[in-house]
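You will see two complexes here that share chain A, one where it goes with chain B and one where it goes with chain C.
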Partner chain A sequence: MEGYLDARQISKTFGRERVLNDCSLQLAKSSTLSVLGRSGSGKTTLLKIIAGLETADSGTITLDGTSLYRVPPHQRGVVYLYQEALLFPHLNVFENVAFGLRIRKVPEPELRERVDRMLGELRIQDQARKSPNHLSGGQRQRVAFGRALIINPRVLLLDEPFGALDARTRGEMQEFYRRIAAEFRITSVFVTHDLKEALLMGDRLAVMEGGSLTHYASREAFVADARTGVAAEVSFWQHLQLKNHE
Partner chain B sequence: MKPRLGSALLFLLALFPFAFLLLLSVSQRWVYPDLLPAGWSLRPWGDALGRGDDLGVALLTSLLIALTVGAVGTLLGFATARRLSLLPRGRRWLRLAYLPYVFAPVLLAACLQFYFLRLGLSGRVAGVLLAQLFIVYPYAVILASSFYTSRLRDMEDLAGTLGATPVEVARTVSWYLLRGPLAIVFFQSFLISWFEYGLTLLIGVGKVATLPLKVFQFVNEANIFYAAMAASLLVVPPVLLLWINKRLLFVTR
Partner chain C sequence: MRRRGIPWLFLLLAVGPVVLGLGYALLYSLGLVGLLGRGFTLEHWGAVVRSADFWGALGLSTFIAVVTITLSTALALAAVLRWQEHTLRGLRTYAFYLPLALPATVMAFLIFQWLGDAGLLSRLAFALGLTNSTTDFPSLINDRWGTGIIVAHTLMATPFLTIFLANLYRSERVREVSQVAATLGLPPGRVARRLVIPLLLRQGRSTLLLYAVFVFSSYEIPLLLGSQSPAMLSVLTIRKLQRYNLADIPQAYVISVLYALLLVAVLLLWLGWSRYRRNTALHEA
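Showing the complex of A and B:
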């Protein structure tokens, strides 16, 4: 099976440590693949290789049938979003969102119209002139999404984007992401170490463990595999419920 | 009122050495126990700067060397720090930058002297420039490395995935984030070069006269008025740079 994004047998070694071990990944257009994995399991390295920020020792990556071999990051149309929003501190919210359009030399009237519309979609139009330092964590992440989405990326790579947020804001942002993913028909790989987040965000699910990636054909298959931790989680809550009844 | 008085006193205390140097440089015949000099004259300043005298040449030589060493050291320092930040064992390589500081600069100069003589660089401005870079460059690498954080690298990478070429990343992101640190590293490198004495004396073999060498020469000749004038000149460029740093580079936007 060939996907819109198709990575095959990607391996990577740092020194003596094998970080990725023949990882393969297929992703259909306008869908989200959730990758669940612990810290150090190789998730970030895989995303960086897809984005072109890291080179693989072996393996191939194609996007829409075209090889990404030796294509530099700025020509891939693949945007990598970090756990931290990483807004440019010398630019205000408007200019942060406009960054990719200015690089592409979009004419000023069109640029203003597109940025204003994006700020509206993200419901942060009243923050346009603010400096990133004056925004909350959730607002910063919204701006980071706006800055990425405005250039219509072919693939969005999300490396635990809500990991630094408190539980309530995280819940709001998960809802926000699901809304914009449907609205903008985003093709994305969503990496997280949070089981519930993986289940909520992904159309398809995978687990990264010890540098190997396991795909699941269905949600049921994901739940049934002990490595995902779903069974342990269910058992914990059932046990707690029984205790309360006693 | 009291804090204002304290600040004024502190300001005067900081200003006193510079004011005293200036006073001494325009004095004539100042002998104990007189509180003030017996005469004043601006002639030494006119002689030194107006006629292209030794001191004027030393000032220009010092400026040329310090500005060049500062600029080259800063650029090489940041380029090396960036490269080291990309290497998996970059921090280990950084330890090499501490090596020149195992010796005193004079010892380093003595070690370099042989090679500089063979290359025909002894007694030449180019030789002094190169020798000073042996001290300034590793220092600039160490200092620049503290500014080249993983956060900055992530921001540069992110800008790249948003479509910016490496040149555009440097122009639109790195420059704005690094211009403050660049100014700090340049300023520090300039100062090291500007006040350098031992290394310049040995490699310059007396033929490359810089301002610090002139100050010591006048002190050795017991010519306190000329020594004060040379020392005053020595203070002006660093103060000017400090002012430029404050006015132009650290303005809150």
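Showing the complex of A and C:
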């Protein structure tokens, strides 16, 4: 099967440590693949290789049938979002969102119209002139999404984007992302170490363990695999419930 | 209650002596106190404002501060762009930290040895046949453009600003931010101009301004390497204060008050401008 984004047999070694071991990943257009994995399992390295920020030792990556080999990051149309929003601290919210359009020399009236519309979609239009350090964590992540979405990226790579947020804001942002993913028909890889988040965000599911990626054909297959931790989680809550009844 | 009083006590200790000193200087300059005080007069203020020495000193001090901060910032930025987060690693650490241990007087003396009329550069030029005698070498010490002062200050400011900007590069996570910018479409050739330089300058602007103020008001280096006329403002002030002519002392106080007013005006303008930018202006990327 060939996907819109198709990475095959990607391997990467840092020093003596093999971080990725023949990883393959297929992703259909306008869908989200959730990748569940512990810290140090190689998730970030895989995303960075897809974005062109790291080079793979071996393997191939194609996007919409075209090889990304030797295509520099700025020409891939693949936007990588970190756990922290990493906004440009010297620019206000409006200019952060406008950044990609200014690089592309979009005429000023069109740029203003598009940025205003995006800020409205993200429900942060009243924050346009604020500096990033005057925003809350959730607002900063919204700006980071706006900055990425405004250039219509071919693929969005999300590296635990809500990991630094508190539980309530995290829930709000998960809902927010599901809304914009449907609205903008985003093709994305969503990396997380949170089981619930992986299940909520992904159309398809995969687990990264020891540098290898396992795809699941269905949600049921994901739940059934002991490595995902779903069974252990269910057992924990059931056990807790029984204890309370006693 | 006790906690509420602490900031006021701190303010009193920090600002009080300065305000009292300035108040005394103002009264002295108006002839209201001091040995020669004969009642209120604007004579000393008029003498300073009409004096070519004062305007020459003000112009030279501003020129030296602007040129020094521009040169040293450019050099520090070049170093940080070249070595990025590795700027303060290995032998480079010594290269940037050691010059900070040099007192200003020693730096001035070293520059004097190098750039003086019969200095090392002059002798080197003569030895290489570039000049016919050591006196042919252009005078870079005590010249009217303050070349020696600029060189000395630039040599002291560059390591300091390099350390400052290198730390800013790390704390602002410029490497990761640049990677984000790359995935947003910024080509490698434009990363420095469109992202790193504006980011570092914007985040470090207060420190750069304070260093410019430090150079503007420096004393030892201009005293040893500067010309008699125009002299830098600090040298002119001390010269007037220590002259045998006691009538010049009130003028020294006038210059001190003018200097303080100028700095306060610059700082207020800076704060106002920053607030204006933050609230209203849209920054061009």
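Criterion: the second predicted complex is superposed on the first by the 246 of 246 C-alpha atoms of A that agree within 3 Å, B and C clash if a C-alpha of one lies under 4 Å from a C-alpha of the other, contacts with A are read in each partner's own complex, and residues count from 1 in each chain.
Convention: a contact is a pair of C-beta atoms (placed from the backbone, for glycine too) under 8 Å apart; a residue touches a chain by one contact, two chains touch by 3 or more.
Being a predicted model, the structure only gives us computed values, none of them experimental.
On the shared subunit chain A, the superposed partners chain B and chain C overlap sterically.
In the overlay built on the shared chain, the residue A:Gly137 is in contact with neither chain B nor chain C. By the touch criterion defined above, A:Pro89 reaches both chain B and chain C.
By the document's definition of touching, of the two partners only chain C reaches A:Arg129; chain B does not. In the overlay built on the shared chain, the residue A:Gly171 is in contact with neither chain B nor chain C. By the touch criterion stated above, A:Phe14 is placed in contact with chain B alone, chain C being left untouched. When the two structures are aligned on the shared chain, A:Ala51 is found in touch with chain B and with chain C.
With both structures placed on the common chain, the touch criterion links A:Ala98 to chain C but leaves chain B unconnected. When the shared chain is aligned, no partner comes close enough to touch A:Gly59: not chain B, not chain C. Residues 51-53, 72-74, 76, 78-82, 84, 86, 88-90, 99-100, 102-104, 147-148, 151 of chain A contact both chain B in one complex and chain C in the other.
Only residues 51-53, 72-76, 78-82, 84, 86, 88-92, 94-95, 98-100, 102-104, 129, 131, 147-148, 151 of chain A touch chain C when the two sit together in their complex. The residues of chain C lying in touch with chain A in their complex are 172-173, 176-177, 179-188, 190, 194-195, 198-199, 202-203, 278-280, 282-285. Residue ranges on chain A touching chain B, taken from their complex, read 14-15, 51-53, 72-74, 76, 78-82, 84, 86, 88-90, 99-100, 102-104, 147-148, 151. Residues 88, 151, 154-155, 157-165, 168, 172-173, 176-177, 253 of chain B touch chain A in their complex.
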